[in-house]
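Note that the chains are named A, B, C and D in the order they appear, and that numbering of residues resets to 1 at the start of each chain.
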């Protein structure tokens, strides 16, 4: 789960990392009031879970409260990478002498966290990594010991940080580590970490990615999830324990298992189609969950055919078949449905569906081919 | 630093360990009020940093508030192992079905913490360890990983704990570990950990020893030190950074270094004397600290001779000599003083003292012998 | 035996009295696995279909000589269960449980390594040596013994591949699901090494997906150290960047971890990469 | 060389610009120790009497090839300094600092061991190989080269013993103060092992005190593994039970750790135990 800039920065502040004074606004009027309260120059920043806000015009400087209002007016409602901006953060503008990068990220292959810092901050760190990897200093964090102050000092030397900032920098790094650990995050990033003209370090932007597996013990963050811009479909999917991601294609996919789901999507492409979504019903899915999955897929107006691919292991094919029937009873649809069931209780599952006149397939490639054909044929035989 | 029972139990409670309802009383009236508030049977317990309170009559059951008042009256002011009881804890009495032992202690040789548990609780665990070591289950705690729940389950099995208590017991063990870690303690002990008739676990008594080296980051505990029954001499010594322990003998000792101080005390015994105190002035002691040390020693009316043994390394002998002169200028005394100075700047130190007519010695044994002789001679030449 | 598991492996099931634990225990037994013990704290002394239950793994190991563990305990307790197994001397720990926080797994993996044990998973289907034993949740009947080693980050996608191999009469030496989480106990390379040394394995099938760079590291290993042919498939060509695809393993962030890059690296390393899962069986058939 | 330290040892001083650090650096140099570098974060690039100062131990090691560290940084930062030294590849770390919390030291000792380094201290006077080098705060001039290895938990008491040895013309191979804290990096046994193997050491003097049971463990080691004679002294016969005597190492709690028990165990192990510090020299003289 990605956190918004303002959420990340609030967590940073709790762990002693200095952030600019600022408040969240949902209307231009609020932005104006906040700017008046803060005094002086402010920066108005779109709160949206997408990169490239700056280039998209989602970050604007304002010299006066009236300018802040105008900036908020321009930004609120803006679309950035398909996401609508509903909130802006109004921050006191800082007098920036230098921009650093400081982040901690999960190193999957190394099975540890790695802290990275660079004197080339303020830009996409991946671009720095690609163009000038020597500009990024790293510290590997021992999972049993945690980040140690000496590692921060080492990193500070490696990026040739002004020595006067050493103590602050070390404290911020340790705070960032605490923030990550206590939030079950897999990434915590300050970019830029500004050196102000007054010689202070200040986290101007913040990004955190929280591990969904840790949310059960992060009640505050779990509640913060409510602020995320989820579509109704995504929200419903989550409530049923389904993994759903909407895409641009027209073949709705319902599969058990993430890997098989992706392979199924890939297969539709291979046969000239385009997947409308990723949807993993998970292991051992019961009929009601399957029905919810189908409802979500069918609610997408782009869907011209549905491909159901179930390889039963924990998941029982007869339960899946019952869920499919239940869904079509609730939401009658004319969209053609191709079903491929295999594994545990497959005979019973096939028997149930055969009665309902679905298109069935024995193999994944056959199923994908038929789904693409059905979708491209425009309409096909009604499902129920 | 040892904590009182009530302090330990308050810390336990903060970490989720169930303790009886109870309050602290400094007068019999307060004890009566508390007993009335708690209702039912209470136990009145002397708060004193000494073992064997029960045998000394420092723990009494009371059926009514009036009985609680009488019990407090009897206990307050009582002397237990030389310590005066100034407070009692009035706890709701528990209906005890079984008494367990649960403790975590620093294993110096193993360089780790060890959790110990026994079904034979309520008695001195060292007696259990001596008489029936097989009755004590242990779990070694990995310093980098900390106590894990599976270790608690293992220990529970080893002491054949009632399975219904497994979850509670595990939680209490983990809470005790947290309590110890967050308090910089080297010992945290619940004895007895009662199994109540209602099938609940309850920490009836608590003991913690806090590492003095950790007090700089334990401001609450450092303040709690004020509650300790220190003598004025011990308090003054601590304020000057001196290690001072009063003993029963008559030869006051002032030494630099704990090991040399003990060896010096041992040496007075070997020559037929008895040390009046342990006093380590530490490394690099300045004149004012030396003067304070001498004042503290001379304030003890039992002292019949003073033995000063300084082996200068960091500590400079001339500084020590100046401190001695300063002290005798402030507090003139007729007690004979034997001085042995050796090491850094010893010539200058000896020269300063020679002018003041002290008894000097070249070796430790000579110094000890002379101090014992001087003490036994009753009075000797005045120091200044 | 093939790798890691055979019919002499002595298996203890942690969480044996749970719904999944008990169901799959019986499935494992039915497949021929020697399940010698179960563990559920507080239920020591009970039995499940003739299998003794213990309160702790240590007690189970002492009483039954178990050397392999299958973990079915719920996510909040699973990290502790893995460490318990490693501390009790279990050599092969297979954690089926899904949903363990990544930060917990960092500590667990370090601990398991320090004990010299091997962890498969978590969030994995387990492993199977066809005809001998299975420790996990895969449907046993789709497998058959043979010369193809299978290693995969996915669950049902592995079944798909194994099924198509078996349908063409091609058996498997051992099939290992290493799990889809960000932090897992054994990597592709760990398992490739074992297959390379295993005399019963002639060809290795590797099934990867987007996210992370384990496949890229595996490609390097194959180029440098493998003499046996490797056939691969990578799922997720149609997955968009930055979107989370079902399990935590499958995130593409920025330029790394994409399916195209993985496929390119594998091809450079001499790996035959299939265009779709069923094609794997075609390629393997052509090699035998 | 004798053990651990000689005139080829290349020493870096952590906390070199502090009051104690700078004073003792000069003392060490004067004694003949090769102090090749100092470390004070934020002061890299400065010099102390011709010794270059670095911001990190890693930089000091890279530039000067330091292999031994002396730590003089204040207690709240000392645990980190020890780990920094170990991480930078320093082989011998000598921590003079007093007052490091015991719980920090548990982690530090585990970390240092995992790096294969050796830690002496904390809260110790350091070590000296007379005539060659000293790393610590002991007065160098009271020592002389010779065949007696000295190992002690105490500071000034060690000087006392060394002084009386030197006064009688008996020199020392190496004198090691292992420190008075509850948790220390090297135990009596660790150092006894080194003396037993050292061809320049003929007799070992061991100076213990009340508290803990390192002396008892050492007695067991001497009985089982030492061929060289060991002479001991234990301070604290007159210390009362349960009272803290100056440093954390010297607590007697309950029945263990008392001077009488320690002396009894050492005697059983064949160790000659002196009645007072000066007697050690008498006993050693009789053995030579």
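What to note about this one:
Quick note on the criterion: contacts are C-beta pairs under 8 Å (C-beta built on N, C-alpha and C of every residue); 3 or more make two chains touch, one makes a residue touch a chain.
The structure displayed is predicted, hence computed values, not measured ones.
Once the centre of each chain is set as its mean CA position, chain A and chain C turn out to be 27 Å apart. Once the centre of each chain is set as its mean CA position, chain B and chain C turn out to be 55 Å apart. Shown for chain D are the residues that touch two or more other chains, namely 107, 111.
Multi-chain contact residues of chain B, defined as those touching 2 or more other chains: 142, 144-145. Contacts between chains form some other arrangement here, matching none of path, ring, star or all-to-all. Every pair of chains that touch is listed here: A-B, A-C, A-D, B-C, B-D. The part of chain A that touches chain B in the complex is made up of residues 144-145.
Contacts from chain C toward chain B in the complex involve residues 41-44, 55-59, 77, 80-81, 83-84, 87, 107, 111. For chain A in complex with chain C, the touching residues are 106, 108-109, 111-113, 126, 130, 142-144, 181, 184, 186, 211-214, 216-217, 243, 245, 247, 255-263, 265-270, 274-275, 278, 280, 283-284, 311-315, 342-344, 363-365.
Within the complex formed with chain C, the chain B residues making contact are 142, 145, 148-151, 153-154, 156-157, 163-164, 166. Remark: chain C residues 20, 75-76, 98-103, 105-107, 109-111, 125, 137-139, 142, 152-160, 163-164, 180-183, 187, 207, 209-210, 212-214, 217, 233, 235-240, 243-250, 254-255, 259, 275-278 touch chain A in the complex.
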